[in-house]
C-alpha cells in the first residue's frame, strides 16, 4: 500500500518548489496544473477506495517523529476529511485553469503559493497528530499572507497583516488548548502523546471540570475564528476583498475551522463539564452569524465585499448545525462546508472577472452586463441561486438539513436563522439585478465575456453544484456515517 | 406494462427539452420551440392516459419512492388529485407553447424563452407528482425561480428586472413559512421516531405524515401564551406558503407587477398553473387541514377576503393585463375559500376547489391569450387607448367574450347548462353558504357574493372598453396568425363546455383522492381530532342561494353595459383623482408605498443593515484598538532609552534595589 | 581585633560612593575611577571574609580581580581615547546618538 | 588528569595566538587568510568537542568540569563563533588590524567556553570578564565610527558596573559559605537562607548575569550596543555572550544557590514578564533593523528566563534548547543585516545608517539568498512551525503550562503574537515594498554563514528529537547537581 496521504500532502509542496524555479508564466502554469491534477487523480483513487460505511480513519500512516515529546507523523482520513480533500483537489486544478491566461507579476511565485496552500490545507485535513495538525494549520497562513500582500488590492498590506496576526493569535490560543489537553493526558497516563484520536479519547478522563472547559473553549476559539463566526469575523471582509481572485478562492478552500469543529470539538463536547453551555455558545454564534452576515451583505456596495459577508452568513450554518447535534444537522453542516466551497469559488471568480473587465466592483456602477457577458450571467445566476439556497443545488441540501436537524434540539436559534433567508435572497437578487440586468451602463466601455478557460473551470464547478444538489449521497453518506458516530457519543452521555 | 410506469417521464421529458433547447435552441428555427412542444405533448398524452386509467380503476395509484439522502426521498405519486392537475398543466402548457411560437416570433431570444418555459413546466409537473413534502418544496422553489426568470425575461427593461425581484422576494416570504412548516413537521416526526428512523422509512412522505396526524395533533406548542396544537401550527405555516405563491392577501402584491413578463408567461404561470400551486399544496395536505379546523377557518376567511379585495382593485385598472391579474387573485381567493369550507363539507371541498382550479385555468389562460393577441396586434396594454377591437380581430373578440362569460359563471342553476365557471364557482359559493349554516360564520359567504358582482363588473368593463365602440386612438392591427387563434378557439371551447360535461364525475373522482391504497384516511376520525363534526351533507339550499350568484353576474353585466356600453352614466365625477375612494383603489390601497418603500427599503435595508454596519465597525475598531495600544505603548516605552549612560547605570541600581524590595514583599505575601 | 561588620560597612560605603559617582559624573575618566572604587570595595569584602574564614581563597580572588580591574581600565581608557580622537570630548553628555 | 580534555579550548587559544602573531607579518591585502585560519581553528575545536561528547570529568582540582551541560554550551559558543569567523572574512576585508578582530573574537569564545565549564566562582568570574573585555574591544572595533565607539563605551561602563555588582555578590556568597567552589556552596548554602546577605547576594548576582542576558532593567546597554557595534560583532554578542550569561546563571542559581530558590524564582518571574513584554512592545516601533533585533533578543531572553521560574527538567531542557536555537536564529539574522549593511555601504560610502529598514526594501529581488535566509530567521524568531524557534517555544511554553504556570504561558504566547507585528514588517519590506535599485552580488562568506545558520534553524525544527534529548541530558546535570 503506497503512502497515498503523504503523497497528496507532499506532491503540492514539491511542485510548489518546482514552480518557484520556473522562469515564465507558461512553465509555471503547466507545473501548477500538473501538480494539482496529480493530486486530483490520487484523491479520486482514494475516494473510490474509501469505505463510507465506517467512521474510522482510513489510509492511516504512522511514524515516530519526536518520541521524547510523543510527537508522531500520523496521517489518516475519515468521512469528515474526505469530502473536504475532494473539494480542494477538484477546485484547485480548475483554479489554475481559471487563471491560465492572466498576466501578473512573478507568476512562478503565484502558482507556487497556490500549490503550497493546497498542500498545507490537505495536510490539516489528514493530520492525526496535534503537532502535525498545528504545523499545517500555521503553514496555511504563510502562502495566503503572501498571496494577499503581493497581488492584493489597494489596501493589501493592511488586510494581509490584519489577517495574519488576527488568525495567528487565534491559533496560539488554540495551541494553549492543545497544550492543556496534552499535559492533562500526560499527567494521567505518564506518557506524552499528541495523537489526536488518543487525546480526544483521553479528554473524558480529565478530572477537573474547569480544566476541561478551559481546554474546550481555547480550542473552540481557535476554530471559530477560522470559520469565521460572529463576532470574530472582522478579519474576513478585508482579507477576502483585498485578496486577488485566486487568493479569495483559496481562502474559501480553507475549511479547517469547521473541520476542527467536527473532528475535535464535537467528540469532546459531551464530556465537558457543562455541555449545554457549550452547545448554547455554539448555537448563538452560529445563528447570529447567519442573520448578521446576511444583514451586512445587504448593506454592502462592493460586490466582492458583499460576497465576503455572505460567506460569514453561510458559515454560520456550519456552527449552528454542529451545535444541533442531530445526525442530519451535523452532516448538513459538513455538507455546507463542501457546498460553500464550490459556490463561493464561482462567486469570487465572477467578482474577479467583472472587476478585471469593467475595472469596478461597485454594484451601482455596473449594470446590464448580461447583454455583454451572457456566459458569465448564466453561471452567475445559477451560483447566486445556489447561494441563496435554491433547491436542486448544493446550498439547499445543506441548509435544509442544518435547519431541520437543529430544530429538533434548538428551535429558537433555527428561527433566528430562518429570518435570514429572505434577507439572503434579497441581497443576492439585488446584486444580480443591479449588476447584470437592466440597462447596460455605457460608462463601462467595452467589456468582454469570460474566456474559454474561465468558462470551462466555472462551468465544471457549476455542474458539480447542480450534480451534488440533485444527488448529494456520494459525499453525504460518509458525512452521515461520521455524524451518526458523533451523535451516538452524545446519546451515551445523554446530552 | 402499466401506463403508470411511464409517469416519471412526465416531468423528465420537459426537463430534457429544457437542456436541449438551452444549448441548441439558437441553431433551430423559432428558437427550437419544437423540442419542448414535442416533449410536453408526450407528457400530456401520458398524463391523460393515466387519468383515464385512474377513472376506470381508481385503486391503481402510481407510487414510487427512491432514497434521496439521509431519511429523505424523491418519489412519484399520481392519485386523482395529481392526475387531473397533470393533465391540465400539460395541456395548457402545450397550447401556450404552440401559441408562443407565433407570439414570440419577433423576439430576439426565443430559445431562452422556450428553454425557461420548458424548465418551468418540468418543475411544475415535478411539484404535482411529488410524493413527499420536501420534494414538493424543491419544485415549489424551482417554479418560483422560473417565474423570476420569465418575469425578468426582458431583463434590459429595469421595470421588468425590478418586478422579477419583487415577485421572488414576496413569494420567498411565504416560502420561508412553508419551509418552517416542513422543519417543524420534520422535527416532530423525528421526535416521534425518537431519533432513530429505520432504513426505508422516508419520514417526509405524505403517507408517513398522514399516518402520524394523531401524534401531531397531540403535540402542543405554546406560542405567545396560546396553546396551539402542532398540526394547526404546521398547517398554518403551509398555508403561509400558499398565500405567497397563490397571491392571497397580504402577499398578493407581486402578482400584478409580474405582468411585466411576456403575456404568454402571464397566461401560463401567473394565471393557469404556478399560482395554483398554493391551492394544490393545501389540497395535497388536506387531511392535515381537516384535523386543524382553525387553519381551515383561516383559509376560508383569507380566501373570501382576497376574492373581494382584489375585485375592488380590478374595477379601476386601465391596463388590460393588470385587470386580469387582479381577477386571477380574486379567483384564487375563491379556490382557497372552496378548500376552507372543508370544515363543513369534508373532502368534497378538494373536489370543488380543484374543479374551479381547472376551469379557471382554461378561461383565465384564454383571457390572457386573448389579451396577448390584442397586445401583439396593437402593441399597447392601455384600455383607454383601445376600443372597437372586435371589428379588427373577430376571433379574439369572440373567444374573449366566451372567456368572460365563463369567468362570471353564466348558467342556469339546477340544469347542467352553463359555462364551466358557473359550475365550479357556484359550487364554492353554495358550500360557503353551507358552511355558514353549519358553523355559523356567514362572513365568507357574504364576501364571496359581493366578489361575484365585482367580478362581472371588472371583466365586462374590460370587454366593453376594449372591443366595443369605436377606436379611441388609431392603432394599426390585424387578426393574429393561426398558431395563436387555434389555441384560443380550443380553450374557448373548453371554457364553454368542460364544466358542464364533467361536473358530476369530476367531484366524485377527485374527492376520492384520500381514499386509496397509498393513503387511507377516515375523514371523520380526523375531524374528531380537530374536535368537531362534519355536516352530514345537507340537501338543498333555498332557491335564492342557487340563483344569487347568477343574479349578481347579470347585474354586473347590466351596470357595465349602461356605463361603458351606452355611456348613459357619466363616469368623470367618479373616475378622478379627487375622489378619495377611487384614489385609494387606483393606488391599490398604497400597498406599494407600505410594503416596498417603507418596510423593505426604509426599515430593513436602511434601518437594520446600516445598524449592522455600525456594529461591525465597532468590532473592527475594538480589534484595531488592541494593536494600537501595543504600538503606542511601544512608542512611549522606548523613551526610557535616553541614550545617556548615567541613566542606564541608574536604571541598573534602581532595578537592583527594587528587586530586593519586591522579593521581600512577595515573600511576605506568599507567607 | 576589628569585627567583620566594620569591614563590610566600609566597603559598602566605598561601593556606594562609587555608585553615586557613576550615576552623577559626566566625565568618562571619573566614571572609570568610580568603577575602580566599586571593584575595590568588592575586593575589600573578599579579603575581609578571607581573613574571617582563615581561608586564602578570598585573597587569591582579590588578586585576580585586581588584575582584571587593570585590564578593564586599560580597555576603558583605550575606548575613551578613541572617542576623544573622534569627538574632541569625553563628556558623556555629548555622546548619545544611539537611543530609543 | 588528562590535558586532552581541554583540547577544544587549547585549539582556540592556539588559533587565537597564531592569528595574532601571523597577522603582524602579513600585508593588509593578504590578511584574508587569517579568517580562514580562524574558521579552521574553530572548526577543529568544534570537531574535538563533538568527538569528546559524553565524557564526564573534572580538572584543576575541581574548578573545571566537563559534562553534558558544559559540552552543550561549548558547542553553542563554537557554532556562533564559527559563524562569526566566516562572516568576519568578508567584514574585515582590507582592514589593517584583522588579526586583532579574530584574536579578540577567539579569546571571547574561550572565555565563554570556560564559563560553560567553570565549577568555581573564581574561574567563572575570570572567564566571564575575559569574554566581556574581549567583546568591549570588539564592539569598538570601528575606531573611526562614532556609533561603534559609543556602543563600546556604553557596553563597557554598564559592563564594568555589573562586573562590580557581580563581584560584590560573589564576595557575599563567599563570606557566607566560606568557599567559591560551586558544589561546596550548594552543599552549605543553608547559611545564606538564614542571613539577609542571601537576598542581596542573589540580586547582585542577578544584576551581574542579567546584564549579559540583557534582562530589563539591566538591558539598557544592549539596544545601543547591538545597534552601534559592527553587525558581525552584534551577532557574537547577541548569540554568544548572551548565552554565556544564561549558562552562568544556570550554574550559579540552579546549582549553587538552589537553596534560595524561593527568592530568585520570584525575581526571575518578574524579570521574565517585564523583559519579554518590554522587548516586544518597544521593538514594534523601531526603524533600525539591528535595534529591532536587539529588542527582539530582549524578548527572547525573557522567554528563556521562564525556564528559571518553572525549573522542571523539561523546562530547563527547553530553555537550554532554546538557547541553542536562538544562537542560530540571532547570529543568522545579524549576519544578514551585516550583508545588507555591506551592500548599502558599497553603494555609497557614507550612508548615515546602513541598518535602517528602508534598506531592506525589495531585498527579495536585490539579494534573494539573504532575503530568503532572513525570512527563515525572522519566522523562526516569531515561532512559525517547523523552525527551531517553534520547537523551542513548544517545549518551553508547554512545560510552563505543565507545571501550572498558565498565566506565565499566556503572557508569553500573547507576546509572541505581538512579536509577529515587527517580524512581519521586515518580511513585508523585503518582499512587498517596491525598490528602484537593481540586484547586487551577495558576498560569499556572508551567504555561507547565513546558509549554515538557516540550515541549523531548519534542522532543529524538523529533526529536533536528538537535540531535545541532548538538552534534557544537560538539564538533568543541573537537577542532579542541584537537588
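Which chain is which? They are A, B, C and D, in the order written, and residues in each are numbered from 1.
Here, a residue touches a chain if its C-beta (ideal position, glycine included) is under 8 Å from a C-beta of that chain, and two chains touch if they have at least 3 such contacts.
Protein names from UniProt, one per chain: A = F420H2 dehydrogenase subunit M; B = F420H2 dehydrogenase subunit L; C = F420H2 dehydrogenase subunit K; D = F420H2 dehydrogenase subunit N.
Here the structure is a predicted model, which means the values were calculated and not measured.
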Handout entry: Distance-maximising chain from chain A - centres being C-alpha averages
Key = C
Problem - Inter-centroid spacing, chain B versus chain A (mean Cα positions, whole Å) - result: 37
Exercise for the section: Round to the nearest whole Å and give the separation of the Cα centres of chain C and chain D. Expected result: 26
Completion exercise
Whole-Å distance, C-alpha centre of chain B to that of chain D, is 78
Handout entry: Centre-of-Cα separation between chain D and chain A, whole angstrom
Key = 43
Fill in the blank from the handout: The positions of chain A in contact with two or more other chains are 165
Problem - Multi-chain contact sites of chain B, meaning residues that touch two or more partners - result: 627, 638, 641, 643, 645, 649
Handout entry: Of all residues in chain C, the ones touching two or more other chains
Key = 22, 31, 92, 95-99
Completion exercise
Chain-chain contacts, ordered by label, are A-B, A-D, B-C, B-D, C-D
Exercise for the section: Please give the residue numbers of chain B that touch chain A in the complex, ascending. Expected result: 67-71, 134, 137-142, 145, 148-149, 152, 155-158, 161-162, 164-165, 168-169, 172-173, 175-176, 179-180, 182-184, 186-187, 190-191, 195, 600, 604-605, 608-613, 615-616, 619-620, 623, 627
Completion exercise
Within their complex, chain B touches chain D through residues 627, 630-631, 633-635, 637-638, 640-641, 643, 645, 647-649, 651-652, 654-656, 659-660, 662-664, 666-667, 670
Problem - Residue ranges of chain D in contact with chain B within the complex - result: 153-154, 157-158, 161-162, 165, 199-200, 202-204, 206-207, 210-211, 216-218, 220-221, 223-224, 262-263, 266-267, 270-271, 278, 281-286, 418, 421
Exercise for the section: Using the touch definition up top, name the residues of chain A that touch chain D in the complex. Expected result: 65-69, 131, 134-135, 138-139, 142, 145-146, 149-150, 157, 160-161, 164-165, 168-169, 172-173, 175-176, 179-180, 182-183, 186-187
Exercise for the section: Sort out for me which residues of chain C touch chain B in the complex. Expected result: 19, 22-26, 31, 92-93, 95-100
